[in-house]
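Below are two complexes that have chain A in common, paired first with chain B and then with chain C.
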Partner chain A sequence: MDKEFIARGAKRCPGGKFLLWLLPWALLLGFGLYAAGLCLVLGLNQTNMDNRFAFGLWIFLDLTIIAFGAGAFFTGFLLYILKIGELKAVINSAVAIGLVCYSGAIAVLMVDVGQPLRAWFTFWYPNVHSMLTEVTFCLSCYLTVLAIEYLPIVLKNRRLREVPSMLVFEHELHKLIYVLAGVGTFLSFFHQGSLGGLYGVLRGRPFAFREGLAVWPSTFFLFILSAAAVGPSFILLTTWMAEKISRKKLVRPEVLRLLGRISGLLLAVYVLAKTLDTLLWLNRTSPERGFPAWQYYSWRPFGTWILFAEIVLFGVLPALVLLTPRLRARTGWLVSAAAMACCGVALNRFVMTVQTLALPTLSFDRFLSYYPSWQEVGTFLAVVAYGVLVYSFSFRYLPLFPEERELKVEALAEEEELAAAGRY
Partner chain B sequence: MNARYGMTIDVDRCNGCGACMVACAVENNVPPAHAGANDRNGLTWIRVYKVDNGQDYPDKRSAYIPVLCQQCGNDTPCVHVCPQQAVDVDPTTGVVGQMPERCLGCRYCMAACPYHARYFNWWDPAWPKGMEKTLNPDVAPRMRGVVEKCNFCHGRWHEARQRAAAMGIPETQPVDYVPACVEACPSGAIRFGDLNDGASEVARGAKEPNSFRLLEKLGTDPKIHYRSKRDWVREMGNAPRPAAGKENQRG
Partner chain C sequence: MLPWNYGFEWNASHVIFLGAFYTVLVVLATTVLHAMWRSRRDLRQRKTEEIRWESDFHDLPSRDRVCRHALTGEFGSRECPHGFDCRKCETHARRWIETDAPARGAEEEEIFGMAFPLDRFYHRGHTWARPEADGTVTVGLDELGQRLLGVPDAVDLPEPGARVRVNGTAFRIKKRGADVRVLSPVDGEVVERGGEGQGWYLKVKPESHGEPGFGHLLRGAEVRPWLLREMERLQLALTAEGAAATLADGGVPVADIAASYPEADWDGVCGEMFLEP
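Presenting the complex of A and B:
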């Protein structure tokens, strides 16, 4: 029934099967919207956050998905600014993922604040010293850029291309793509950094506080690096998953390997920088503020294992795998290393958000734990479901992977060749 | 000269009666706790912690430390982080003010505060029937979804300021007033005044050898000065020192 909307040459499952795939995600989204609605209508008392755990699952989710969404700006930067042409095969998918991640994060932020109707106050009374102001400005500007970047992909839809004015519009938008890539890169660099700065500037929380350059703490730069490192890994993972779920070849294996190599290189630089930063913080920054760093790791369950997992297990190890051509050539290793890199960055965001708040600062205060309420989990799941739904629709109706058609033709030719060879 | 209002709290005199908490709540229209509230999400601008020296009987000793907004004077952590300037420091008094009408409820200031002295309105404020008549007309109740904290009884300061203006005292002159907690403390443990006035009791008390401030090494320059003759109580002002592998349950 929707065949006319599917790109020429692309084969997609029947409409009924597609609806069946959408159903559980739509139900999850409905459940999540109900949970988020409760928080909006009845207040944040529906969550398990409190005066000590002022941030919880949602901020962790925001920081993590925004890091994952960095693939959009970074792939755009590599393709349009550094002219790495091979990445054209994944750029549309990267933009769709970026849009999903950023819009999902902003939607959750709207639920997370106590007075969402006052969100515009930040634009009206901005405190230029606040990292959250920088985050708000960059996030909203970059989401606009992403929406404009996504628009040409939507306009590539088979039916929309039949409208001449749409075709012209798409062509004109394409002329802007270099500007958008540049603006997007600038904005994204800044807000990834300011998200890191959110915690790095907390001088009252020596676990998170870091020294840095000028007004930016070291976490500002570490967040940019880690997001740039994990963005390509996440694109790699999602492309691999899309291939597995759709049972189609979507990109050439070299593209995935290239993404892995870029990710590995940046991850190695990030791990090195993170290690130096950690050593400086352990030996100077924290003790100077009266907090011997060892005490942070004596509160269970946050032992030194968390530092080991973040830097070695999910940092050094995947970086080594991704930088070793022999291992990178094997899909299993490549995908596992990319997943580990994503876990490492997610763990880093968890440490910065949850562990920072769990640790007491006053000597007579307790170490407190926090478990999200079902409303928080529901809202979290709604973002996941929303992401899957938007990506599924984009995959079905838009040319997310421009090489798909070419690969299909090549595969058919190969099959025919083999068949012919078998005949004679 | 501008005032720099501050407090001294004699921990050795505090008996943990909680009168300061009650007086503060009544003065500042802090609503009664919601049925679903607990010690982690309730509202109180001043919280009295019971602490001990970590010893077992018969060496066990305990003390009470009232903790309220420390009115940080240097690079005030909450002021810097608020994205929409809902927190500021009044240069004429040194008091850190909170504007609930402008607060977005993002709670970034709560994450920034090392003293856990900021409170979020998780519920709509509600008073039992009839009790709303006891509300202080000089203080606006706060709505759900915003942050609030101690402001050294801004309503009282404002009233004192108006009285002073009526008497022709210029605005640049500090005014005399006391916050509700100071007035209510039965043992006189809490003193309030201008730290810039060298002759004031608080300025002298702040300089006493037994005086200490919470987390002084953070460099936030808090204006609440505690006092105790006991070494272990003064140690409480420093960062936590948990025994390796054990959770600190002393608080």
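Presenting the complex of A and C:
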């Protein structure tokens, strides 16, 4: 029934089957919107956060999906600025993922901050001493960039291209896409850094506090590096998942391997920097402030295992796999390593958010446990469902993977050649 | 923070932050407004068809953008950088001594049982252009194009007086769910409309300035290698769109190919063959 909206030659499942796929996600979104609505209407007493535990599941989710969404700016940077042409095969998908991640993050922030009708206050009455101000400005600007970058992909829809003004606008906007890629890179670098900087400047939280360069603590740079490292891995992972779910070949294996190599290289640099930073913090920053670092890891369940998992298991190991051509050539290893890299960055954001706040810092403080309420979980799930829905619609109606048809025809040509070779 | 609101101070950090923020906003607004302004200009200058082809050509798989000189074996491989408009191509100009009129009364090529008269020029989108004695150019579908569309369900021809451009839409044909835009082989003004039964679709008065140029169209010895490749593409397109194994060696395409493959997605096949991705 919607065939005329689907790209020519692209095979998509029947409309009924598509609706069936959407149904559980739509229900989940409905449930999440109800939970978020409760938080907005009744206030943050619906959550298990309090004055001490002011950051919880939502901020963890925000930081994680924003790091994952970095694939959009980094792929754009590599393609349009550094001219790595192979990435053209995944740029549309990367933009869609970036848009989903950033819009989801901003939606959750709106619920967390509350009073959405006063959202403009953040621009009009910004706190000049807060890195959150920089984050808000960069996030909103970069979401605008992503929306503009996503527009030409929407206008590539088969029916919309029939409208002359849309066809022409898409063409002209696409010509200027390198400007958007440049602006996106600038903004994304800064706000990824600011998010990290938010924790690094917490003098009252020596677990998170870091020294750095001028006004920027080391976490500023580590967040940028880790986001740039994990972005391509997340694109790799989502592309692989889209291939598995749709049962179609969407990109050439070389493109996935290239993403893996880029991710591995940056991950190795990140892990090295993170290791040096951790050693410096363990041996100098923290003791100088009167906190022997071992005591942070005496509070269960946050033992030293978490440090090992973050740096070695989900850092060194995937970096080695992604940097080894023989392992990278095998899809199982490649995808597992990408997933591990994503887990590593998610764990880092969890540590910075939840572990930081759980640990006591004053003599009368106690170790705090935090479990999100169902309303928090519901809102979290709403973002996941929203992401799946937007990506599903984009995959069905927009050219997220422009080489899809070419790959199909190439595979057939190879089959025919093999058959012909068998005949003669 | 901002000059006109709460808490702003004229110091370096405020000005740098403010400057960066405003620069970003100005760049974004300028980019979108510039794209809108250029779009408006393009629409006024009636460049829609040119842009549509540019966009379509860009979206074609690389194997479909092969240079005509690679088809004839002059190059091992080469992608056309000019959207099949060889009039802009220096490489083509060096290799080609243009003769605008094909040899009158020349024979025809018979390829897979299809006749391709050599008294005309062929466009890669399966149209032909034949210069007439009265100075007009007749435009029709080549035999492979005809067999692909069989008896059309509907034909949408431009009105006399309308302008057509090389690689722009000449006319549209509907066939079994496929809405095919057929590319024009020439620039000019439509003076007469034909139809499927007449063997031609349009008579075009070429652009008034200078002689009509046909250098971008295939002719003579180029037709056979091009058609052989087109048959390969058709074979792949049919298989890709769900048709069963096709074209046994020595076989010829039937008169109405669409009717022979009721299970195939004809929209996909026509998109592939008429260069509309």
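Everything below uses one rule, namely that the second predicted complex is superposed on the first by the 414 of 424 C-alpha atoms of A that agree within 3 Å, B and C clash if a C-alpha of one lies under 4 Å from a C-alpha of the other, contacts with A are read in each partner's own complex, and residues count from 1 in each chain.
Note that a residue touches a chain if its C-beta (ideal position, glycine included) is under 8 Å from a C-beta of that chain, and two chains touch if they have at least 3 such contacts.
Everything numeric here is computed off the predicted structure, so don't read it as measured data.
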| field | First (chain B), second (chain C), both or neither touched by A:R284 | value | neither
| field | Partner chain(s) touched by A:T133 [first = chain B, second = chain C, both, neither] | value | both
| request: Once the structures are superposed on A, label A:C141 by its partner contacts, choosing first (chain B), second (chain C), both or neither. | output: second
| task | Look at A:Y125 in the shared chain and tell me whether it touches chain B only, chain C only, both, or neither; answer first, second, both or neither. | result | both
| said: Between chain B and chain C, whom does A:F367 touch in the aligned arrangement: first, second, both, or neither? | reply: first
| field | Superposition-derived comparison: chain B or chain C, residues of chain A touched | value | B
| Thinking of the overlay built on chain A, is A:V409 touched by chain B (first), by chain C (second), by both, or by neither? | second
| request: For A:K244, decide between first (touching chain B), second (touching chain C), both and neither. | output: neither
| request: Pick one for A:V168: touches chain B only (first), chain C only (second), both, or neither. | output: second
| said: Going by the contact definition given at the top, which residues of chain A touch chain B in one complex and chain C in the other? | reply: 124-126, 133
| task | Using the touch definition up top, name the residues of chain A that touch chain B in the complex. | result | 43-45, 49-55, 112-115, 118-119, 121-122, 124-127, 129-133, 136, 198, 201-206, 288-292, 294-295, 298-300, 356-357, 360-368
| message | Can you tell me which positions in chain A touch chain C when the two form their complex? | response | 3, 8-9, 11, 123-126, 128, 133-134, 137, 141, 144-145, 148, 161, 164-165, 167-173, 175-176, 179-180, 183, 186-187, 399, 402-403, 405-406, 408-410, 412-413, 416
| said: With touch defined as at the start, can you tell me which chain C residues reach chain A in the complex? | reply: 1-2, 5-7, 13-14, 17, 21, 24-25, 27-28, 31-32, 34-36, 38-39, 42-43, 47-48, 51-52, 54-55, 59, 61-63, 177, 235-237, 239-241, 265, 267-268, 271-272, 276-277
| Complex contacts: residues of chain B adjacent to chain A | 34, 36, 38, 40-42, 49, 51, 65, 67, 75, 77, 80-86, 102-108, 110-116, 118-124, 143-147, 214-220, 235-251
